[in-house]
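These are the structures in question, set out in turn.
Each of the next two complexes has chain A plus one more chain, namely chain B in the first and chain C in the second.
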Partner chain A sequence: MINQKDLRPKDLGRSDEQLIKLESLMELKAPYDAEGMEPPFTEPKQAWREKYCASLDGYVGIDKLTRPQSKEEEDEFVRKFLRGLEKVFTDANSGVLQPFLLSFEYCAKCNTCSDACHIFKATNSNELYRPIFRSEVLRKIVKKHFTKSGKLLGSFVGADIDVNWETIARLGELAYRCNLCRRCAQTCPLGLDNSLLAKEIRKVFSQEMGIAPSPLHEKGTVNQLKTGSSTGITKPVLLDTLEFLEEDIEELYGLKIKFPVDKKGADILLTHNAGEYMAWPENPIAFAILFEEAGLNWTLSSEMIGYDNVNYGIWYDDAQAKKIALQQMKAAKDLGVRRIIIGECGHAHKAAAVVADRMAYGEDKIPVESCLPLLWDLVKSKALKFDPSKNNFPVTLHDPCNVVRQMGIVQPQRRILKEICPDFREMTPHGVDNYCCGGGSGFAIMNSMNFAEFRNKISARTKFDQILGAFQDTIEQVEPPKYVCAPCSNCKGTIRDILEYYQATEKFNVHYGGLVELMVNALVSMKKPFFEFLE
Partner chain B sequence: MADLVVNGQVIELDEDGFLVDADVWNEEIALALAQTEDVEELTEDHWKVINYLRDYFQKFGVAPMIRKLCKETGYDLKTIYELFPSGPAKGACKIAGLLKPTGCV
Partner chain C sequence: MSLSILAYLAIILFLGLSAYKAYKYAKMPLHGRMELYPVPKEQGHEYGGSYFEEVEWWNKERKVNHMAELIDMLKEMLFIKKLFDNQRPLWWLSYALHLGIYLLIAWTVLLIVGGLTLLAGGQVSPSSGIWGALIFYLTAFTGLSGLVLATFGSAMLFLRRIFDDTLRKYTTPQEYFNLALLYCATVSGIFVWINDLTFSTAREITANLISFTPFEVSGLLIAHIVILFIMFTYIPLSKMSHYVGKYFSFHKVLWENEPNLRGSAMEKKVEQALARRSTNSWSAPHISGQAPAEE
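Moving on, here comes the complex of A and B:
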C-alpha cells in the first residue's frame, strides 16, 4: 500500500493487494462534525479481493470484472483493452472524437480542475481521485503502446507504466470513481473534459471487452431492451400500476384522475424514469394532478420503451445508448405527439435532448423538451392556483448536473420555488456551479458489494455537506421538517440513501423529493397535504 | 457471497445474498434466507407478505410497488420494517425469493 501523497500515475500497475486506503475525509458540518455521527469504514471481504478488482481503493464497482484464471486470459484482457483503446482514438463516428482528442492532448496540468472535483474535495485531496490522475494513466498507456518515442524511449518520455492486468483493471475501476458531472470541465481554462476520458475507458470495457457493472448493462440496458424498462416493468405491469394509482389518488385526495395512455396525436408525451412508479409513485401522480388541473393535452405511452425514459447507455456504451434512444423516439413517433416532455430525470434529459439529437434525424425525430420550463409556464401564466403558506417549511434545491450544467436549465425551477416556498434557501454553491449528488453516471444504482459505501461516504459527501449548510440554522431542531428538492430520480435515490446512512431523517427530520410534489402540496385545490410528513 | 446449503442442496446466491435463480425457491429456502436477514422465524404475518410478493412476481415478473404491497397486505411500511428489518426490497423480497430489484429504484 502507498501513502496517497506519494502515489503517481505510473504506480497503477504495482502488485500491492490494495493501492491506497482511505482514512481521512473532509469534515462535515454540524452536527456531523461530532465523533460517532458517521458510520465507520468497513473492510472489503477477502473473497471479493480474490474474485474481483478490489485492489484500487478497496471498493468494487464493476461486479463483472473478475480476475483471470490463466496467463492466457490475462494477456487477452490486456490485448483487448489496447485494441479497443486504439479504436476510440480513430472512431470518426464518435460524437465526441474531437473534444476527446483535444482533452487527451492539451492538458497543461495546471490542476485548476482538482479544486472543482467533489470527490477530490471529499477525500481531502487524495491523489488517486485527482481528476487528471486517471487521465495521466491513460496518457502513459497510450504513450507506451502507440507512439514511436514511447516504444523506443520508455520512461524517458513518460511511458513509464507497467501495463498488466492489474493496471488495466484498476483503470477500469477508476473510471467508476468519477460521476461524469463535468464540473471540472467547466473550470478548465482550456475547456478540456476529464469525464470524456473516464467515459471512453468505460466504453472500451463494455464495447470491446464485454465488461460493465451489471446494474447498468445486464440489469439495465439489456433488461430495458428486452422488457421495456430497466426496472423490468412490462406493459401489463404499467397498466396495472396506473390503475392502482388512480384508485389511490381518489382514496387519498378525493380526485378522479384518469392517466391518459397512448392518446394519439396528443400535444405532449410525458416520459418518466420508470423507477418513479416503483419507488416514488407520488411523482407521476403529482405530474398527473398538475397537468390535468392545467388542462394540458398530454399522454403517457404504454408501448415498448415508451414508458421508461432512462438510457444508461450514455454512461458506458454508445451502442446501447443508440438502440434505446431510437426506440424511445419511435414510441413518440408512433403516437404522433407534437413533443416529448422529459419528467424529473436528469440523465434522461441529456440522453433524449442532447445525445439522441445526433442519433435520430429527419422524420425520425420528435422535439424533446424539459419539464421545467413548462412547469414554470404553468405557474407564471396562473394556470394553477397556489397557496405558498402550505409549503411553510425550509426548502433547498439540488441542481441535477445533467439538467443544469449540461443543458443550462437554471432558472425555471428556482422561479417556481420562489413563488411557492416562503422559506426557500439556495445551497452554496448552486446553479451551474452545483456539486453532483454523488450518484451521477450510474453510482446511484450500483449497490453491489461495498460500492454503496463509496457513494455514501465519498462521492455524496460534498452534497450532504451542502444540505447541512443550507439548513444550518434549523438542522438541530426537529421541527420544522426540512425538504431537499431534487428534480431527478437518480439524485433522489442518492439523497434518500445518504439521509438514511447518516440517519438525517430520523434524527433531524430532513426529507427529500421532487419539484412537482411541492407544487401539488401548495395547490389551493388540494384538500389535504400531499406530503405524508406534514400529516 | 457464500452459497446457501438447504437439505444438502447448494443454492446459488449473488454477492448481496439474493437468489440467482428465482425458480429454485421453496419454503425451506425461505427459512434459510430469513436467517441471513436476521429474521428468526417466519410467522403468519411474514408469510402473508411473502405470499403476496410471490403471487405478484409470478404474475408480472417483477416485485410490486411498495405502496401496493402495503395496501394489499394491510401492513403499513413501519410494520413491514418490523417484520423484515432490511425493508421491503432488501428483506422481504429476498426471503420471498425474488431477484434483486433493478433500475432506478
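Moving on, here comes the complex of A and C:
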C-alpha cells in the first residue's frame, strides 16, 4: 500500500493488494463535526478481494469485473482492453472523437481542475481522486502502446507505465470514482474535460469487453430494452400501478384523478423515471394533480420504454444509449404528441434533450422540454393557486448537474420556490456551480458489495455538507422540519441514502423530495398536507 | 542566405503545421452535444441559463449573443480568465509567459515592418518622423518587455513544476523540455540583443533576411535562429499548439449548443452524419450480436 501523497499515475500497475487506504476525509459541518456522528469505514471482505478488483481503494464498483483464473485469461483481458482503447481513436467513436481528442491531447497539467472536484475535496485532496490522475494513466497507456513517440522515447514522453491486469482493472474501477458531473471542466483554462476520459474508459470496458456494473447494464439498459423499464415494470404492471395510485389519490386527498394513458394527439407526453412509481409514487401523483388542476392536455405512454425516461447508457455505453433514446422517440411519435415533457429526472433530461438531439432527424424527432419551465409557467400565469404559508419550513434546493450545469436550466425552479416557500435558502455554491449529489453517472443505483459506502461517505459527502450548511441555523433543533428539494430521481435516491446513513432524518428532521411535491403541498385546493412529515 | 531560408521556413512550417492541425480538427465528424453552462452566447449567460429555460423553446426565435461570445473568447485569449479566476498563483506565472509571447509576436511584426521601412528607404529612429519614431519605440517596448516576461514566465513555470510536489508527479521530461525550449529561445535572444536595446541591429538583420541580403553573423545569432527554427517547427507538433485546441474546445464543444430543429442547417449535418458508416466497430456481445463464448 502506498501513502496517497506519494502515489503517481504510473503506480497503478503495482502489485499491492490495495493501492491506497482512505483514512482522512473532509470534516463535516456541525453537528457532524463531533466524534461518533458518522459511521466508520468498513474493511472489504477477503472474498471480494479474491473475486473482484478491490485493489484500488478497497471499494468494488464493477461487480462484473472478476479476476482471471489463468495467465491466458489475464492476457486476453489486457489484449481486449488495448484493442478497445485503440478504437476510441477511430471512426467507431465518431460521436465523441473531436471532444475526446482535444481533452486527451491538450492537458497542460496546470491542476486547476482539482479544487473543483467534490470527490477530491471530500477526501482531503487524496491523490487517487485528483481529476488528472485517471486521465494521466490513460495517456500513459495510449502513449506506450499506440504512439510512435511512446515507442521510441518511452518515459521521456510519459510512456512509463506497466500495463497488466491490475493496471487495467484498477483503471476501470477508477472510471467509477468520477460522477461525470463536469464541474472540473468548467474551470479548465483550455476547456478540457476529464470526465470525458473517464467515460471513454467505461465505454471501452462495456462496448469492447462487455464489462459494466450490472445495475447499469444487465439490470439497467438490458432490462429496459427487454421489459420496457429498468425497474422491470412491464405495461400491465404500469397500468395496475396507475390504478393503485388513482385509488391512493382519492383515498388520501379526496381527489378523483384518472391518469391519461396513450392519449393520441395529446399536447404533452409526460415521461417519468419509472423508479418514481416504485420508490416515490408521490411524485407522479403530484404531477397528475398539478397538470389536471391546470387543465393541461397531457398523457402518459404505456408503450415499450415510453413510460420510463431513464437512459443509463449515457453513463457507460453509447450503443445502449442510442437504442433506448430512439425507442423513447418512437413512443412519442406513435402517440402523435406535440412535445415530450421530461419529469423530475436529471439524467433523463440530458439524455433526451441533449445527448439524443443528434441521434435522429426530421419527423422522428419530437421536441423535448424540461418540466421546470412549464411548472414555472403554471405558477407565473396563476393557473394554479398557492398558499405559501403551507410550506413555511426551511427549504433548500439541490441543482441536478444534468439539468443545470449541462442544460442551463437555472431559474425556473428557483422562481417557483421563491413564490411558494417563504423560507427558501440556497446552498453554497449553487446554480451552475453546484456540487454533484454524489450519485451522478450511476452511483445512485450502484450498491454492489461496499460501493454504497463509497457513495455515502465520499462522493456524496460534499453534498451532505452543503445541506448541513444550508440548514445551519436550525439543524440541531428537531423543529421545524427541513426539506431538501431535489428535482431529480437519482439525486433523490442519493440524498435519501445519505440522510439515512447519517441518520439526519431521524435525529434532525431533515427530509427530501421533489419540486412538484412542494407545489402540491402549497396548493390552496389541497385540504390536507401532501407531506407525511407535516401531519 | 541560408539564415533567410531558415527564417522563412520556420514561419511557413509554424503556420502550415498549425493550420493543418486546425484543419484536422475541423474535419472531424459531427459529435454529440456536450455543452457546459454558462455558455456566453446565451441571453441568460450571466447566471448560466439557456434557451431550455423557455416553455416551447423549439417554437421560439433563438436569441444568440455573438458579441458576448466574442468578449468571453477574448478574455480567455488575452487574459487567460479561467486561470485567473480559479488558480491565481499560477496565473501570474503563466500570464507572464503568455503576455511575453504576445509581446514578442508584436515585436516580430514590428521588426518586419521596420525592416520593410528601411528597405523602402525610410528611417526608424526617434527623430525620423511619427512613423519611424512609433516603430522605434514600440519595437523597443515590445521586444524588451516581451523578452523579460517570456523568460521569467518560462523559467518560473519550469521551476514550479520541479518544486511543486503535485505538479512534479504529473510532469513528463518532455513537458520540462517544452518549457526549457521556450526559455532557451528567449534567453538566447537576450544574449543576442543585450547590446542592441533599441533593436536597430535586429531591424537591419530583419531587413537583410527579408531581402535575402548576405550579412555578417555571429555564432550566437546563428544559435538563436536555429533554436527559433526548432521551436517554431516543434510547437505545432506538440501540445503547446493549444492555441489551436482551445478554439475547438470552447467554440465547438463547451459553447456549441445548436439544436437540431426541423429544417435547420444542423438537421442537415445530423442527417449526413447519421448516413455515414464507420469502418471500425465494437466487439462486446451486446453490440456485435455474438453471444459470449461462456454463456
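Everything below uses one rule, namely that the second predicted complex is superposed on the first by the 533 of 535 C-alpha atoms of A that agree within 3 Å, B and C clash if a C-alpha of one lies under 4 Å from a C-alpha of the other, contacts with A are read in each partner's own complex, and residues count from 1 in each chain.
Just so we're on the same page, a contact is a pair of C-beta atoms (placed from the backbone, for glycine too) under 8 Å apart; a residue touches a chain by one contact, two chains touch by 3 or more.
Bear in mind that the values here come from a model prediction, so they are computed numbers and not experimental data.
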item: First (chain B), second (chain C), both or neither touched by A:Leu25; value: neither
item: Chain B versus chain C as contact partner of A:Val142, first or second or both or neither; value: neither
item: Comparison of chain B and chain C by chain A residues contacted; value: C
item: Which of chain B and chain C A:Ile2 touches, first, second, both or neither; value: neither
item: Touched partner set for A:Met278, first chain B, second chain C, both or neither; value: first
item: Touching partner for A:Ala294 - first (chain B), second (chain C), both, neither; value: neither
item: Partner chain(s) touched by A:Arg358 [first = chain B, second = chain C, both, neither]; value: second
item: Those residues of chain A which chain B touches in one complex and chain C touches in the other; value: none
item: Residue ranges of chain C touching chain A (in the complex, touch as defined); value: 25, 28-39, 42, 44, 47-59, 76, 80, 82-83, 85-87, 90, 94, 165-167, 169-175, 177, 239, 242, 245-246, 248-250, 252-254, 257, 259-260, 262, 266-267, 270-271, 273-274, 276, 278-287, 292
item: Touching residues (chain side chain B, partner chain A) in the complex; value: 2, 14-16, 60-63, 65-68, 71, 100-105
item: Chain A to chain C touching residues, read off their complex; value: 5, 7-9, 80, 83-84, 87, 90-92, 94-99, 101-103, 105-112, 114-116, 127, 130, 132, 136, 153, 155-158, 182, 185-193, 196, 206-210, 217, 222, 319-320, 339, 353-355, 357-362, 365, 367, 369-370, 372-374, 377, 404-412, 431-432
item: Chain B partner contacts - residues on chain A that touch it in the complex; value: 47-48, 63, 215, 219-220, 223, 227, 229-234, 236-237, 240-241, 244, 248, 273-279, 281, 308, 310, 345, 444-445, 447-449, 489-490, 493
